[in-house]
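Both complexes below contain subunit A, partnered by subunit B and then by subunit C.
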Partner chain A sequence: MQITLSPMTLRLFVKPPLIPLLLLATFVDGFWSLGNLRTLAESISTDGLIVAGMTIVMIAGGFDLSVGAVMAMGGVAAVVLLPYGIVPAALGALVAGGISGFLSGTLVTRLRINPFIATLAMMVMVRGATLAYTDTRPVVGLDDTFLALGGGDPLPYAFLIMIVVMLAAHVLLYHRPWGRHAYAVGADERAAQMTGLKVNRLKIECYMLSGALAAFAGMLLAARLGTGSPIVGEMTPLTAAAAALIGGASLRGGEGSIMGALCGLLFVGCLINVMNLLGVPSYYQRMTIGGLLFALVVVEGLLQRARPR
Partner chain B sequence: MTDGALVDLVGITKQFGGVRALKGVDLSVRSGEVVALVGHNGAGKSVLVQILSGVFPPSSGEIRVGGKPVAFTSPSDARLYAIETIYQTLALADNLDAPANFFLGRELRTRFGFLDKKKMAEEAKKALADLNPNFTDIERPVRQMSGGQRQAIAIARAIHFQVQLLIMDEPTAALGPHETAQVAELIKRLRAQGIGILLISHDVRDVLRLADRIVVLKNGEVVGALTARDTNEDEVVDMIIRGRKLDADGAVK
Partner chain C sequence: MTAASTPWRFVTPIWPVLAVLVIGAALLSGPFLSPANIAAVLQQGVITGIVALGMTIVLIGGQFDLSTGATVMMAAVLALLLNPADGTSTVLAILLPVALGGVIGLVNGLAVYRAGANSIVATIGMQFLVIGAVLALVSGQHVRADNMSEMFVSLSRARFLGIPYSVYIFLGLVVALSIIMSNTVFGRHVYALGGDIEAARRAGVKVVRTGIATYMISGMLAALAGVLIASLVGNLDPTAIRGYEFPALTAVVLGGTSLTGGVGRPADTAAAIWVIAVITNVMTILNYQYPVQLLVQGVVLTAAVAFYSWQRARS
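Moving on to the complex of A and B:
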């Protein structure tokens, strides 16, 4: 299958390129310092889980705006369940994320609601529930194993987990029938249905995967911060979408790859990291990410129009 | 219904909201028989095709395979009964290559459940070369392929897996004369192998040449059934338009 390489390599050059950014970053003091690289690895690892889920949802022709809220919920759920042990905490987060993904997927498939609206509603509901449960205050989790999960030397554990998850997602997409079906559903849902694929079921599974990964990312974030905060992840859906789009995913579905998403993630991660190093205020950082997303969508529109057929 | 029929449709109706697309259609196809379904746009041909191929269920009526009533909840159910469909739209995933489309929904797997891409590419290549010896460059997204090549993929995958009833919805609509002749050859070959074929076509001349029986659909009802060798183009066209037969002297009954 050709999708593995061509759109990704193409987009790496057509769209904001990673290599020039890295070269540029060389001139920023401290970018290549070990401390900063570690910070970078930490910051992209939680987002990376979410980008993997987002990419899979987008390949199947959907979108998931709820990932940030689900991440916050996952972190809180994990910390709350921590007294029962780290495994129940992780399972609790995964199940909570999976359920919210199941609800999003059901709204999108059975009720035929536009994915942006469905997951926007889910985002607000999940965020509201998390804020209500915590009374808007962070919950503190001081379990040694849990806090250790937030560390890792020389590479953060979260980073290693992200690499494993990305590899698994890649195998799922390219070497399992399920992934091939996701591409087919994203390209032409009706054709996929006529071919006998279980379209609704597959789409619901995509949203469940995205939800579970977002919640798990929330748990890793809580482990790093030592608290489960109900307010984290406000910008996450946008940065994740930007990374996925740079990586070759399309709002129209049927395109994208995990390797591409990893490149997109590195690009967005480096961009934010460099802005932090340069002391760019967070409001301007938001404007930059928003502008980037806007530019990506415009470029995507142009690419679609330029494409034959 | 008919003895020895491969598939019977009995009293099939379909409503979409207030619209009655099919009003009690009976139809049967035997092994080694080519039945043509003709009629205007909106006569209900496509709806009937989609019911028989499992895309949606009928509002009422029965589908029988080998005399036994069956219910299809999805096209994969119809496939279990060896009913394959070549849709007018071809139902291909444009972003996938030919082998991926060929095996879509019934991929060959290795022992551990992974895609056996090599074997699928080999088998698809062989099957496609059977239809069109020049069609060798198969591992690229099908959106880059010609109409004839895309058609070949849709046809090849429909006949590759133990088909007993093949539904062909406008199989030649997008093809040139040479490719149309190839499809006609293929229909004859499959018929000789004992496969039942339900052929949906606009081209009355094609239908007369290829079909054993012709069933005319109008406004969701069967208005006539003709034996291909006892009829002619005028009679079929007239039946499509008026919904009834001409008298021997050419006057409308």
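Moving on to the complex of A and C:
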């Protein structure tokens, strides 16, 4: 018997099993409490900005391993620039992230370096520079306006920002020519080039967007933690990649959507949240995310092998 | 086939770079050429070097192994937990971690060559899986082995002609892998995989089996590096030994192994390891800290990739 599921049902129940996970979470004490839902919203909001950027880069056929390091850099840059005012701080973080994305994009397009290796090198350079600048210590420089950015009632500001960014990214990808071009470049770069698209420029723009979003996420995280730490974000590229892959993006490019990424993000976020509530040590969480990512790429490989070419 | 037929072509760009650096370092700082410092430089490269040799084999086959850093940590912790006090436990403390490293390589190899998973993302996933499992095993605590046997300690501490045993182990591995890669059927098959996997399959190369073997070699070598760390320190904070995959990858790429596979030699990776060891040594003498060294490594990797891709585009 053939069972057919609508795409929406599939998305919410099977790929990822978001609703089953939420139902199971009901049995965990305190999951549906207001306090915990707020914690959940806070934790997925910074990751959400990064997942949006990662999804766009993956749609255009790339990958960005540097997001975690850029997030740390963005937080440090924002706190360091805070004495000049909150707007220069935010702009500084965005520009720093954009520059790092521009460099990644240039390595990938002009020098034709494999995107994983290019962004891995970028990750190490950005992390090294951030650690060297801060002398491996968190930077502090508290300011009430800045700290208020980490709050928000009843919904955290960061969460609202994440929703706005997700909506904007959705419109950009689905309703603007730029987004359709990104899909075209990811699906078949040569064909896109032949139809006259500026492939290199578009890819660099994708990496710049991802870098700027990661740095902005770093600033929001710094506001929430009350400090700009140079060591945050080690797991971020994994979590973001897992969320994007669960949401239907592919390592080969040309596939994926923001709505899918949002579902993937919620799934990974709830998983980590439930583990925290159950008091599972962070080592097991690391194992779970690693194992999840491993399983996801194995399944993707098998599916692509099965697909007729 | 050009790659497979020229693995012994002697002068690749990395050797003159090494020579210039050694001369430069000797001129810049007097103590560099002292026998003790030379032994230190040679030993500094050993751990990363052994890891890099395995990654070279995997990359010649056209794939990446970024789980090696985690395997190093797993092996070091496991060797200490097995408490190598007498003869039997010493042998176990060497063989069990290496065998487990082979198992990790087997799983990586199956995922990449059997299921067709993207090797970078899969092995990063494996890295976090292994690190998480090891930290969970020891609850994030220090591990120490008391009364390590003479034999276990001598692996890294004992010296012959003023040079630690581990350096000879590394040199032996370089020679053995060079012979395997250039003079055996297996070696030629690995070059064929990296050159054109579809062509290799049609030519009758057992692609899956050969590919899995490259990952198992890499896993076992990384584990051996971890055992050497255990023998050197005897007591370690598991969270402190990590990230070996990055300097190792830098050395592999700096040595001229192509990121798309099919080109590269274990001996060139060894030369690149010493280039990095000399740079690190000089930076340490000049008192630059870890973050700056990390930054420099990133720049070296980017520059090396850019140089080789420019060189290949030209030819």
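The working rule: the second predicted complex is superposed on the first by the 292 of 309 C-alpha atoms of A that agree within 3 Å, B and C clash if a C-alpha of one lies under 4 Å from a C-alpha of the other, contacts with A are read in each partner's own complex, and residues count from 1 in each chain.
Rule of thumb we're sticking to: a residue touches a chain if its C-beta (ideal position, glycine included) is under 8 Å from a C-beta of that chain, and two chains touch if they have at least 3 such contacts.
Just so it is clear, the structure is predicted and the values come from calculations on it, not from any experiment.
Novice: Should the superposition on subunit A be reported as showing a clash between subunit B and subunit C, or a fit?
Specialist: On the superposed model, which is not a single observed complex, subunit B and subunit C fit side by side.
Novice: According to the stated criteria, A:Leu107 is in contact with first (subunit B), second (subunit C), both, or neither; which is it?
Specialist: Once the two structures are laid over each other on A, A:Leu107 reaches subunit C alone.
Novice: Report for A:Leu225: first if it touches subunit B alone, second if subunit C alone, otherwise both or neither.
Specialist: neither
Novice: Who does A:Ala187 touch here: subunit B (first), subunit C (second), both, or neither?
Specialist: In the superposition, A:Ala187 touches subunit B alone.
Novice: Is A:Val95 contacted by the first partner subunit B, the second partner subunit C, both or neither?
Specialist: In the superposition, A:Val95 contacts neither subunit B nor subunit C.
Novice: Per the contact definition in the header, classify A:Gly301: touching subunit B only (first), subunit C only (second), both, or neither.
Specialist: It touches subunit C, and subunit B stays clear.
Novice: Does the superposition put A:Phe116 against subunit B (first), subunit C (second), both, or neither?
Specialist: second
Novice: Of the partners subunit B and subunit C, which touch A:Leu21 in the superposed model: first, second, both, neither?
Specialist: In the superposition, A:Leu21 contacts neither subunit B nor subunit C.
Novice: Mind telling me which of the two, subunit B or subunit C, contacts the most residues of subunit A?
Specialist: The partner that reaches more residues of subunit A in the superposed model: C.
Novice: Between subunit B (first) and subunit C (second), which, if any, makes contact with A:Val80: first, second, both or neither?
Specialist: neither
Novice: Answer with first, second, both or neither: which of subunit B and subunit C does A:Glu255 touch in the superposed model?
Specialist: A:Glu255 sits against subunit B, while subunit C stays out of touch.
Novice: Could you give the angle made at the Cα centre of subunit A by the lines to the Cα centres of subunit B and subunit C, to the nearest 10°?
Specialist: For this superposition the angle at subunit A equals 90 degrees.
Novice: Just to confirm the geometry: in the superposition, how small does the C-alpha gap between subunit B and subunit C get, in angstrom?
Specialist: 6
Novice: Once the complexes are superposed, what residues of subunit A are shared between the subunit B interface and the subunit C interface?
Specialist: Shared contact residues on subunit A: none.
Novice: Help me check something: in the complex, which residues belonging to subunit A touch subunit C?
Specialist: Per the stated touch rule, the residues are 63, 107, 111-114, 116-118, 120-125, 127-132, 135-136, 235, 237-238, 241, 251, 281, 283-298, 300-302, 304-305.
Novice: Inside the complex, what are the residues of subunit A that reach subunit B?
Specialist: Answer in residue numbers: 1-3, 171, 174-177, 180-181, 183-184, 186-188, 190-198, 254-255, 308-309.
Novice: So in the complex, the part of subunit B that touches subunit A is made up of which residues?
Specialist: Residues 53-55, 74-76, 78-79, 85, 87, 89-97, 100, 104-105, 107, 109, 113-115, 117, 139-141, 143-144.
Novice: Could you list, by residue number, the parts of subunit C that touch subunit A in their complex?
Specialist: Those in contact with subunit A are residues 64, 111-112, 115-118, 120-122, 124-133, 135-136, 139-140, 246, 249, 253, 259-260, 289-299, 301-302, 305-306, 309-310, 313.
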